[in-house]
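A, B, C and D are the chain letters, set down in written order, and residue numbers restart from 1 in every chain.
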């Protein structure tokens, strides 16, 4: 029953994309539910909650970048198997969890609970990044699930880049023990780096 | 008016997939809205609410597995008819209901309301599983909606597996009368079983 | 600039479907956010809030049926034009509004605010049904947007059925002045009628 | 590594559409979560909160119109590059932010916090409109990403129209300093203008 068994559990790429796109889009859009304001006058409150805007913007863009990378992986894959599908569900579990620590960071980055909030944020993003890297290497190892046409140079470049990624997040997370604000700043710098890298270098 | 009537109410498979993927993805992603924290210090609170993380993770993965199985069913189907579409809507009614009992379990698994919470969780999952099995047998009976190419061995294997599934959930639900914690543990074991089964056995 | 103008504003059918499927799926799934419970003991509370379950189930199925009918309309259409797209956005405005009156009915159907809640529910559903009928007749009038292959008998049957639909909702809404409970019961009967009609009559 | 690098980061148009459709649909549908009612009698409260209905309807339709325009841009594009994808994520960051100022306007348009609420609403919509215009000009400049078949007259017409759009919003926003109610009225007029323009002029 091996062949049928494999067939039975693999999901067409098209539906994997649709489900993943849905989770990425919903997780990003739900972030706005945590931007709230109490007290008055409203104009002063709207200025006071600037960490909420920053947390919203940085996390929305970070989820967007993760979605771009996810698209890159899927575009290089010929087909899924059951383990790939389950790793993908595990990845989405972390993507959809992100709004919770984001809310905590927005609320507490300026008070003395900042360390706990940044640690939870950092752990979520870091473990999620490791799962993402695992997803890629599961597909790429021995070109297990890759398209025959996927360029070997490109595959190796992605492997190097995805291997390094999570460790940058480890550093940013550990920095929360030294200073939660510096840790938060590094997460912002990482998001900006991705944006600028593509603006400056993508076209030559 | 029989022919037009049938045509009028059947929905293209593509849109059924899109609507179902949407409901699965939203139900799973909304779970995070029920992970909340009050009180201080934050670090202690974040540890205290571990049942929320467990409920979130187990339910997210369970919805993901249900989505995989739903994908298997749709991949074997040639076309829909109106009854299949309505059974599918009934199934989604249960899928989208899951965040409510999940929230209750996360809040009450460690207090003396645990039994009521686990019973509602178990009933929701169990009835949902029976509807899912009904959806499959409606499509598979006499190969009513199946693709001509759907392998008979595969179809029979799925029928056996989907027939057994709901009864496992019946047992897990009834265990809540004995011990809500044991019931919860069994739901975790079932989710882990699906994950491990595929990791260990999917490839030979 | 007439030709370019028309082209500029029409949206490919595929994206209209994706956006509409998204709104239908989200509106239905958000309903669960309004099923909440306070007080204790939990077991008694879970029984006391049965109107919440009924409101959830009836509205989820009703949105599902509206989605099926929407699929029927789009499956008969060759292309969109800008007015059709805007009528569709107007329809979705009502679909996405439904969770609000549903929440009020669930909370108030058994107290002396039931009339106001049922009236808002009924008005929302009724006006939405009229917009839906308007969408269909805009597309079907003189076969403006229909596929050349769309069967004329089928088109006329749909026209009759969609013309009658909203008036059933008018009656159910006006009944709230006599008795909110009878009005609610009629909305349940209408949903059941759609389900039973297809179960009993769809196949011969 | 230039060629692979470009390929690595570009996302297939199909997934860009799916992710964008998701964010537009969710942002629009989440608006209903901010229509709430407290106090009694319910019938009086339901009339009192009319600004919530107006804010919901105007913003839902405005997001719908933005989605139509987004569809127009994507329908003229041959392929994406990484900068286009990132500009699109930036645009969606503003689209998904809209429910927050909408909630504030609904709550405060009739009290003395109206100015701050309308300013935040106006700034969000205006900056979003500038990003949208930037997205278009990035794609259209030197026909960088356009389909070879995209009509030059049409492209120029869109460029003129999208260049003017944001400035209308600048005026509506600045009007909040004079009168928040007049500013709100202008945003309603702009939405109605788009609807009427198409109803009256789209077909000749």
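Just so we're on the same page, a contact is a pair of C-beta atoms (placed from the backbone, for glycine too) under 8 Å apart; a residue touches a chain by one contact, two chains touch by 3 or more.
Remember, predicted model here, so these are calculated numbers, not experimental data.
Q: Which chains does chain C share as contact partners with chain D?
A: none
Q: Using mean Cα positions as chain centres, tell me which chain lies farthest from chain C.
A: A
Q: Between chain C and chain B, is it the same set of residue numbers doing the touching on each side, over half shared, or a different set?
A: Under half shared, hence different.
Q: Can you work out the whole-Å distance between the CA centroids of chain A and chain C?
A: Centre-to-centre distance between chain A and chain C: 36 Å.
Q: Could you please state the distance in Å, as a whole number, between where the Cα atoms of chain A are centred and where those of chain B are centred?
A: 25
Q: Counting only residues that touch at least two other chains, what does the list for chain D look like?
A: In chain D, the residues touching two or more other chains are 18, 22, 26, 30, 33.
Q: Looking at the complex, which residues from chain B come into contact with chain A?
A: It comes out as residues 17-18, 21-22, 24-26, 28-33, 35, 37, 40-43, 46, 56-57, 60-61, 64-65, 67-68, 71-72, 74-75, 151, 153-154, 157-158, 195, 198-199, 201-204.
Q: In the complex of these two chains, what residues of chain B are touching chain C?
A: Going by the criterion above, the answer is residues 1-2, 4-9, 11-12, 15, 18-19, 22-23, 26-27, 30, 33, 81-83, 85-86, 89-90, 92-93, 96-97, 99-100, 104, 108, 113, 115-117, 120.
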